[in-house]
Amino acid sequence: MKPEDLARSLPPVLAPVLLGVEAFPGFAARVRFRREGALDVFRAIHDLGFTHLAMIGGIDWVDHREVIYTVWSDEARTYLLLSTDVPADDPRVESAVPVWPSANWHEREAWELVGITFDHHPDLRHLLTPDGYAFHPLLRSFKIHEPEELEVKTRHV
Amino acid sequence: MSNATLYSVSYDLVHAVLFAIGSVLPAPLHGWIESDGLVTGLAVLVFGVILLAASMLNTILLIWWERKLLGRFMDRRGAMHVGYAGLLQNFADGFKLFRKDTVRPREADPLGFVTGPTAYMVTSMIMFGILPISSGWNSGALPLSLLLALAVFSFAPLFIFVSAWSSNNKYSLMGGMRSAAQMIAYEVPLLLAVVAVVIVAGSFDLTTIVYEQQNYWFWGPLFVALVVFVAGMLAEMERIPFDLPEAEAELVEGWNTEYGGMLFAFFMLADYLRALVGSILVVLLFLGGWTMPSWVPSVATSFPLAGIVWFMVKTYAVFGVFIWIRASLPRVRTDQLLRVGWNRMIPLSLLSVFLAAALVTVKCLPVFGCVPSPGI
Amino acid sequence: MTDSTTTDETTNDTTTGGSVLWVARPMATAARQFAKSLFRPSTIVYPYERLEDPKFREKVEVASGKPIGVGQIWDNYRGVHALNIATCISCNLCAFSCPDICIDMVTVPGGDPKHPKKCPQIDYGKCSFCGFCSDACPEGCLTMTTRYGLTTSKRAEMVYSPQRLYDVYRTKLPMNPIRLARPENEDSILLDPPLCIGCNACARDCPTQCITMLDVPKPEAKPGEKLPKRIWKEPVVNDSDCVRCGTCISVCPKECLFWGTRK
Amino acid sequence: MSEMWLNMGPQHPMTHGLWNLRVHIDGEVIRDVDPEMGYLHRGIEKLSEDRHYNEVVTLMDRTCYVAGLAWEHLYILASEEALHIAPPERAQYLRVLCEEFQRIASHLMWYAAFVQDIGLMTPFLYGMRDRDLILDLFQSYTGARMTYEYMRVGGVRNDVPPGFTDRARQVLDWLEPRFVEYDQLTLGSDIFHKRCDNLGVLRANDCVTQGVTGPMLRSAGLKRDLRKDRPYAVYDQLDFEVALADTADVTGRYLVRLEEMRQSVRILRQVLDWLDRHPGPVMASQLPRWLGAPYAPVGREGYLLKRNYPKGVGFSAVEEPHGEALAYVVNEGGEHPYRVKFRSPVYANIAAARHYLVGYRVADIPPIMGSVDICVGEVDR
């Protein structure tokens, strides 16, 4: 499945929310969309045969955050990457659970580790970190090592 | 076969010792020492101590036997470090357990928590006193010893349930429930299988049942009863495939989850004591007890302990079969177990009773017995 | 808890068939294994029998029929490190390459006071036995041996000083023989000449002494221009001797050395 | 009393790791479940951001401690794509060798744990015994039995030692009759069928909806195997079948895993023959400086770094023993990955627990969860 074919098969009503369908290594294509129309995009992609949601991940790009969805189609035998950008000060996006129920735990993880809130998620609780844990460890601002410590390690030549 | 029983031997022993002491003592003490009450009391005590020692020794040997045999089934070695081939390993383990502190959960019921395992242990030990191991090794002629033995044997679910309930643990409780349900369900076929034996032997006295098997063992004619009895015994002993009360995969350790130290040792010992008793019952009821095959030379038979040794060899062999079953079968589920118990075992046991009655009526027992039994 | 026989209205009842419990085949299989392992089970009785002992391996292979230890090459094993202090050049590569930061470079006797000799000290409480340090060691003096018993009762004993690692080396245990090849496109140390002040720090600290300070001609000062205040020498790196440890880069006060491909 | 919440875990024989299955039971019947994870969360994705590309490999062995090499392969494929490096062919074959041996080892471990869940003690020892032979093989060329650290970006650490292929064939010859023995001990017993048939049923469409992959999915009759559908490494040159069953229950998963082991043996024989015939380098010759083979990275981020390496994103999908594992590696030109994201198959399989546990009995939890083949290390990461 080529990116152009995919772009053509997506319904035209999605045009305002779609930012681009482009080639991407490892995937059939990468579909970038605005977060406002997330649920419509999910439905359209799901209807194209991408019934298996494999992974949801968040990437912290310091000035904004990116949410990536990896979906698989059993007919096309290929992965598709969906990606949407959310601002760092208001990191929220519509939950994919109504379309892909398997998104449940993936969204819980993305919420607690990268701090992306999924609206209308049925059960947004802590999964890997303890209840009430106030940090989002996978943000770049969350440091494991103190910089001074690293400095000492590398400079003792 | 001599007429001396274990009790008479200990009575004679105490009698001789006391009279020897009494002969050198002054008159008032002399009379007291040689009084019948004291002699009887001490004789009972000595008898009890011997029984206790023998049962404990056998239980611990049985654990060793299971560990070694199971090890070979699993392509490993089992206990091997303490003593020759690990014979003393279980003594060391027991010693460790007895030294440990008994931790009682705060919310547990103190009375039931302690009395449960203790009573379980005690009832299992009483069994050992009732069962005749050889012509001399019994507590005297009890005309209904089989009934008594089974009655005492069926105390266990009560005490297991008491200790499970008082542990105040969900797993313990579920284990206790399962245990009670399972033991009660299998009590019925077990007893019915025994009825078949009783019909053939014509007595409730275990000694008589054994002597009835002098010529042919009962496992041939009463094969159905044997199968039912062994299956029921497996359930009563809570061994794989019927060990769901302590199914460690889902219930951690079942009804003894909260126990440790000495109370756990009680459970462990009592479990194996019951396993020993189960094996002994199989040997007594179906495998001819201590009676020797006819091809054994009379020199060997007349040896004082020959009966006991022969009996124990059979007992350990029977337990070996239990171990074999444990090594090769998975665990069944509670509902399956109970369904098998009520739907299969009870009809089978009724069939075995019917067969026994038929065999006795048409008097063709020896014909059946001749073919499979090595007892002739 | 209800009696399980009364919960038959629940779903997923699996016992619909009325077959007898047929158990003969697994019991036969177990009995076959019993016969096989009656005299020599597959267990290796560890403290008495060790797989790294080749004599034992041959014996046991014959005995049980199972190819015990058939894959064993204990030389490749990554166990406790052995350090040859004599050939250690204090290049720091092991410490740099350690993902767990469990290697400390500590001073050992033998160096001159101005330029002390430093050798790795390994904290086995943190070590993950990945072998990156011995892969990185350019002189092959830090290797891994087949020793694996590390149990102690004190946490401090998990820290192996260079001397203790040297003791391991002296036991002549089999050592990991794997040496990795250097990649073809290895980077070199390059110099940014305008920044250099000729301070000799790089040449002084170079563990392999592959840097020599060569004179550079002092340029004529143009009128009005002030010449930089520096020593008119520049480092030249001998690439064939260089172990790419980066010591020179890290000691350079002006950060004028950098990695690059030599044209 | 008849309805209660039961905490199965985090220390429980059923869990095979540290996690907590909260079960709402009515009598012995399960009404609801709620898995609680996170007891083993080590922040591997975060730690990876602070390590060099090769150093992350040490974490991969610890991500899944029964299938370490499969996870190494997963990560290495993604980071090679991100770093634009191509490994030599022999290294790819060696990786397939690792992964298939690891699949057998992992399935043997699963077999051992699973049969113990249904109360079979003996095959547990058999499974562990035979797995040990594979660990011996691993040790002979990677140098460790569980934490291999074998694969590197651009290849593998070292070639297999001389005589390895013969020893490996010897192990395969030993293993094949053992599979028959395993079947006799389980499938040959009626109790096994009574325990496992029609248990934990999860049909194919539910599997897809819930994101369940791996043997659980294939036991429902859906033929999805990334080795066939999206061939990575050299799987497109190897001849094997995808194991399938259609019962969608515990027995089906058992059959699928046993068949997968047989197929792995088949693959391994081809790989070993290939390795015998094609000697060659096992490491790419052109590597960025901080990946250079013996000379491990120098310096920490932002210090000795030369940030002019091309950026890239790597994505890899590997059919791990437990199912479909994905890795997404973002290379921002530094010597550390900018972001590493893994998709663990067991994660999704456990997330669907409600769909294959509710309605069964408490005694069914161990076989059902056993058939899922849980490795908590990769769930929590």
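The letters A, B, C and D name the chains in turn, as written, and every chain counts its residues from 1.
We take it that contacts are C-beta pairs under 8 Å (C-beta built on N, C-alpha and C of every residue); 3 or more make two chains touch, one makes a residue touch a chain.
None of these values were measured; they are calculated from a predicted model.
Asks: What chain is the most remote from chain B, judged by the mean position of CA atoms in each chain?
Replies: Centroid comparison gives A as the farthest chain from chain B.
Asks: If you tally the C-beta contacts for A-D and for C-D, which one comes out higher?
Replies: C-D
Asks: When the centre of a chain is set as the mean of its C-alpha atoms, what distance in Å lies between chain C and chain D?
Replies: The answer is 25 Å.
Asks: Whole-Å distance, chain A centre to chain B centre, using C-alpha means?
Replies: From the centre of chain A to the centre of chain B is 65 Å.
Asks: If you average the CA atoms of chain A and of chain C, how many Å lie between those two points?
Replies: 37
Asks: List, in ascending order, every residue of chain D touching at least 2 other chains.
Replies: 28, 122, 126, 129, 185-186, 189, 191, 194-195, 299, 303-304, 361
Asks: Scan chain C for residues touching two or more other chains and write them down.
Replies: 1, 4, 7, 14-15, 20-21, 23, 26, 29-30, 33, 42, 96, 250
Asks: By residue number and range, which residues of chain A touch two or more other chains?
Replies: Within chain A, residues 153-154 contact more than one other chain.
Asks: Quick check on the complex: what are the chain B residues that touch chain D?
Replies: Against chain D, chain B makes touches at 70, 73-76, 170, 174, 240-241, 243-244, 247-252, 326-336.
Asks: Provide the residue numbers of chain D that touch chain C in the complex, in ascending order.
Replies: Counting only chain D, the residues touching chain C are 1-2, 27-29, 51-52, 54-55, 57-58, 122, 126, 129, 133-134, 136-144, 147, 149, 157-158, 161, 164, 167-168, 170-171, 174, 181, 184-186, 188-191, 194-195, 197-199, 201, 283-287, 289, 292-299, 303-304, 306, 359-361.
Asks: Contact residues on chain D for chain A in the complex?
Replies: Those residues of chain D that touch chain A are 37-38, 41, 43, 45-47, 50, 81, 208-213, 222, 224, 229-230, 299-300, 303-304, 312-317, 324, 326, 328, 330, 338-339, 341, 343, 347-348, 351-352, 380-381.
Asks: For the complex, give me every residue of chain A touching chain D.
Replies: 24-27, 51-55, 57, 59-60, 68, 70, 72, 74, 77-79, 81, 100-102, 104-106, 113, 126-130, 137-138, 142, 144-145, 150, 153-154
Asks: If we count contacts the way the header does, which residues on chain C are in touch with chain D in the complex?
Replies: Checking each residue of chain C against chain D gives 1-2, 4, 7, 10-12, 14-15, 17, 19-23, 25-26, 28-30, 33, 42, 51, 66-73, 76-78, 93, 96-97, 99-100, 128-133, 135-136, 138, 144, 176, 178-187, 243-246, 249-250, 258-260.
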